[in-house]
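Chain IDs A, B, C and D follow the sequence of writing; residue 1 opens each chain.
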Amino acid sequence: MTLTADPGLAKHALTTMWTIRRFEEAVDDMFARGLMHGTMHLSIGQEAVPTGACMALSEGDYITSTHRGHGHCIAKGAKLDAMMAELLAKETGYCRGRGGSMHIADVATGNLGANGIVAGGVPIAAGAGLAVRMRGGSQVVVSFFGDGAVNEGAWHEGVNLAAIWDLPVVFVCENNRYGMSMSVDRAFNVDTLAERARGYGIPGVTVDGNDPQAVHDVVTDAVQRARSGGGPSFVEALTYRWKGHSKSDKNLYRTREEIESWRERDPIAAFESAVTGAAAATAPSVPPALSESDVEECRILARDRVREAIRTASAAPDADAATLTDAVYAPAGAPIAGGTRG
Amino acid sequence: MTLTADPGLAKHALTTMWTIRRFEEAVDDMFARGLMHGTMHLSIGQEAVPTGACMALSEGDYITSTHRGHGHCIAKGAKLDAMMAELLAKETGYCRGRGGSMHIADVATGNLGANGIVAGGVPIAAGAGLAVRMRGGSQVVVSFFGDGAVNEGAWHEGVNLAAIWDLPVVFVCENNRYGMSMSVDRAFNVDTLAERARGYGIPGVTVDGNDPQAVHDVVTDAVQRARSGGGPSFVEALTYRWKGHSKSDKNLYRTREEIESWRERDPIAAFESAVTGAAAATAPSVPPALSESDVEECRILARDRVREAIRTASAAPDADAATLTDAVYAPAGAPIAGGTRG
Amino acid sequence: MTTTSDVGTGAVTAAGTEPVTGGAAAGGTAPAVAEPRTLTYSEAVREAMAQAMTADESVFLFGEDVGTYGGAFGVSGDLVHRFGTERVRDTPISELGIVGAAVGAGLAGMRPIVEIQFSDFTAQAMDQIANQAAKIHFMLGGAATVPMVLRAPGGSGTGAAAQHSQSLEAWFAHVPGLKVVMPSTAADAKGLLLSAIDDPNPVIVLEHKLLYKQSGPVPEDPVRVPLGETAVRRTGADVTIVATGVMVPRALEAAERLATDGVSAAVLDPRTLRPLDDQTIVDSVAATGRALLVQEAPRTGGFMSEIAARIVESPAFGRLQAPVSRLCGLDVPIPYAPQLEQAAVPQVDDIVAKAGELVRRW
Amino acid sequence: MTTTSDVGTGAVTAAGTEPVTGGAAAGGTAPAVAEPRTLTYSEAVREAMAQAMTADESVFLFGEDVGTYGGAFGVSGDLVHRFGTERVRDTPISELGIVGAAVGAGLAGMRPIVEIQFSDFTAQAMDQIANQAAKIHFMLGGAATVPMVLRAPGGSGTGAAAQHSQSLEAWFAHVPGLKVVMPSTAADAKGLLLSAIDDPNPVIVLEHKLLYKQSGPVPEDPVRVPLGETAVRRTGADVTIVATGVMVPRALEAAERLATDGVSAAVLDPRTLRPLDDQTIVDSVAATGRALLVQEAPRTGGFMSEIAARIVESPAFGRLQAPVSRLCGLDVPIPYAPQLEQAAVPQVDDIVAKAGELVRRW
């Protein structure tokens, strides 16, 4: 599907990216103002990856997410107010305030969870793929993780299981060039992380992670392959986080120039150029998908949604300490949120 | 070095292989007769790998070994009586009867330990390599492991560390086609395990693991590379274990024909043919390295060494329960066996 | 020995359990069914898995060598022939990955049983066990559940040395969100496993290698033994012996011998460490006034310290006639040499001696 | 409150430690040196590492982001600029691999210090910690040693939720072959770490996130605090409070408040859980007749259960005037919401209330 040519898709992609951006800017601001606690990992600058990837998925498909998971959650269709409520430690949050940013997930939309453990979601994704396959289902699992995760044993073991069992999993690596502070150049002895894929006998491809269309194209191929029984794939999306790793980051390990050069490659601005025909590369014969006012509409929609979410969430009751020990164990006969039985 | 042309080397290689074979046959027998307890993992059929690999090492070099480690230990120069004493749970055993088959090691010859944990030795090897490198030493570490180990997270993480830091480690995979019962065809989605090496940016080569010369050649190259600062390599040696995985193995997962076909490729018999000139491929112009009686001498030497070891070990005192809690902690100021300080 | 306990010397009967009067390691909480056959502990585990897989399509077993090989200890046996290679699935050697896959499969609606070949190798998988499986339900505010069972054999006595002989129940019992089961009889091996499979939470089932070949009566029907009920294996008036795993039959044998010496020992088997039915233990200790807590695991930080702490925090504290005593594995890794291995963990003689001393000295 | 203890109400003084009479979390066993400066706990850790690296070429530090970043909690700070990128070495995100590399480097003659960013991630490395590092010396019959230090911050209170807030000391303390250290003051953070680096065995040093910014007097010289000596942080006659980690300053604050209520509480800090100096604890409890054991970790299977068990097994049992009591974290994963996180672990008020109740009720 051509996100840049179809007005509906273009609007969806643009609105999603703006929503992620505005949501995280709001969070950043609230955190700075002391309205939020804990820590935050923002994906500002990386919005094209979850947007392009999740648009390749259908209802019922699963994702596993990361510590930097707001974008995945939003792109997979979560409600902003329940997300914001979670960050504000409200009883109405997705996790009733128990999880916070690193565990936010809308299980109803197939999000099996953000994860505070680097690479923790990778074998979980393989397991969800195994469940699908054993039930004879046609769902696909997209597992998001960062470049740093690729050196974890969990990643290795999870990818191998998916590979040998031909599981319907797409491994999407958000290569933003750094673990916390260690660059991929120092943490890997290979030029592209996609080279790792070969060792498991699965396709590996590197793509511009700041271009939702490019991400969408390769993930769509990989999803089709997975859905039709062709097994897993590895997609490396090259992108960059504008903000520090988390709140304690002083950016000592990278230069201002480097950050600036990536800000100039803003995935949202580039996509706006592409869809409005402002980008030089656009063939003049193809009519632009969106007008300037369409674009403005998307921006406003995103901004308003986020504002509304903050309003709703702020008014909600705080997480209740009286029920703290409630959800440690599921009661007998508890429904399995992630799927159907038998 | 040409093991098959140099009489000294040929004798050493042949005697080593016979020693491993005779040692393990003796162990097998004693175990069957109830003289040994615990479990045993025999490497009969695989003798060419440790022999060829360890002959590429110099004094001071390290190895890490596995649950199937008798061959590594012998090839690295351990004393048979202390090994046998260990298996017989004697106080004079290498581990004073505390370790047994899965932990046997002659630390003095650079053997940092057999390991009951699959892939457990791999990151340990990387660490020993790091120590060498930080001290500016010229030692090399050979890390032995099986095909099954290659799917462990520990393997992945250990190899990556060695790769990114250019550590002097040679990773030697004894691919005997099975984990315990799971064949490499089912556990991997690639044709050769050497393909895994590329993902870490290190050389990977597959070699006939039943030919000590072939193993020796590639390990020698890898050792030289490591010693001269060129970083780690991966060597996959194709071989086969004739016996079951351990004592409880009923060989349900492989055919009698398969076992038979590999017994016909006996690494010792093949090497004997090669060194005596009986092998068809030997150019008639090269004089054979060993005569039939040289070969017989090697066999007898091996047999006698093993007999002597059994005699000495059997006469030794049993491990002493009175000192059971002795060696849980090293006393302050304990020497570090594996190397020098500062 | 002593008979002056002010709560009387009558039989101690656990709430929710049927006291067993014979000395054998039989029993359990199964409602009375037709005279059960005798199975080995490992056959009982296999039968539970087979019945669960027959009843529920979402149940499946995977792990290293559980297929054609039949499992390292032969527990899965012929299951692969009965249920096929999809539902009795061999895995590569990658414990973290397969436990993670169990978490994912559980989250996505299956009921996986994952076998870890030796409980020592749970060390490889602790992240998925403790940080993922145990916490996901809570971290997601209850929005998802992780129904899965992890089975693994623990314990020493096979000459397999330090990396293949541990008793690691204390690690798991310390993790909120996990349930932890240690069956000591064939009947419980089946009944508790069935309950574990039913449970919507992650359950760690620690089997014992030395028990696999022990036989006992096992109901043919898929009778559940509820999680969280301490079994009173033997009633007694002078001392309460609490034991787990292979220490249960040893404690029962010790109790027989103590009886011939005139010491009446109750033997309690918690069976589930988490949730722990401490009430039954506390009641028994209140009645006997003495507690001997027996575990195979090394003493320091073992689960029996938790039971000791609960006893002294309970009303039984006021009834104690002797210090609460532990008899534990030594604080050493398990050695290879048979005589050392024996010396490293409690034997029947040790239990007899220690229980006798408790009763006679106090 | 009560003053009828038959061992008198005098000060309890630990063997080998200097009782601290002030209420501050200062102290340690350092021989008297020139008036120490004040450092934060994290500066003290850094100073220990710098002095050890200066004194011994074989000491080095590695871990995730310990280099330019300065460590996730800023503990390594500028060390990379002082010692270079070889000796202060960033690693990829692979905890099992780096702990394994520490084992190998130790075996081969170095003295590695490996930092694990959050102690929760030791779960990834448990095989190398418990099956390798802890056991190699024993398994090889003493033929090799594994000198290494694993430093990791534990504890809650930062809003980092369930996978970044655990207190896992009980896991390590249960493993023969490991030593386990939990410093609660800046001086101990330095002095115990220096001893850990000297030690030929693997030592797990569990720092506490909330303590990193706490200041205290720290000797400038590389003064060792020996492993295995319980510190008496405060003497008292009515109740012995044993606390670890961040619970030590909380217990001291509670003791101050209890004092204004007429309750005299001793505060003991084991500092090293393995080996544990239980004698000092037992002596104090024998003197006060009451023990309150305070830990942040969840109650079930926590290390305080071990201390409870040791107290009741000791001669102090006969001196107990009240049940040995634990005050622990709830049996829940640590939640994100601040008010829930607070409720999940003991606070000063809780200690005051519980200690007061112990003294008044018994």
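Everything that follows uses one rule, which is that a contact is a pair of C-beta atoms (placed from the backbone, for glycine too) under 8 Å apart; a residue touches a chain by one contact, two chains touch by 3 or more.
Treat the numbers as computed from the prediction; the structure is a model and nothing was measured.
Counting C-beta pairs in contact across A-D and across A-C shows that the higher total falls to A-C.
Farthest chain from subunit D (centres taken as the mean of C-alpha atoms): B. Distance between subunit A and subunit C, defined via averaged C-alpha coordinates, is recorded as 42 Å. Per-chain Cα centroids separate subunit C from subunit D by 31 Å.
Taking each chain's centre as the mean of its C-alpha atoms, subunit A lies 46 Å from subunit B. Within subunit D, residues 91-92, 94, 96-97, 120-121, 124, 127, 131, 138-139, 161-163, 176-177, 330-333, 335 each touch two or more of the remaining chains.
Multi-chain contact residues, meaning those touching two or more other chains, occur in subunit A at positions 95, 97-99, 103, 115-117, 120, 151-154, 156-157, 160, 164, 186-188, 328.
The part of subunit B that touches subunit A in the complex is made up of residues 151-157, 160, 163-164, 186-190, 195-202.
Of all residues in subunit C, only 96, 120-121, 123-124, 126-127, 129-131, 134-135, 138-139, 161-163, 170-171, 173-177, 274, 276, 297-298, 300-306, 308-309, 312-314, 317, 323-326, 330-333, 335 touch subunit D in the complex they form.
For subunit A in complex with subunit C, the residues that touch the partner chain are 62, 64, 93-99, 103, 105, 107, 112-113, 115-117, 120, 122-132, 134-135, 153-154, 156-158, 160-161, 164, 326-342. Contact residues of subunit D toward subunit B in the complex are 56-58, 60, 86-87, 91-92, 94, 96-110, 112, 127-128, 131-132, 136-145, 147, 176-177, 179, 198-201. On the side of subunit C, the complex with subunit B involves touching residues 64-65, 67-70, 72-74, 90-94, 96-97, 120-121, 124, 158-164, 330-333, 335-340, 342-344.
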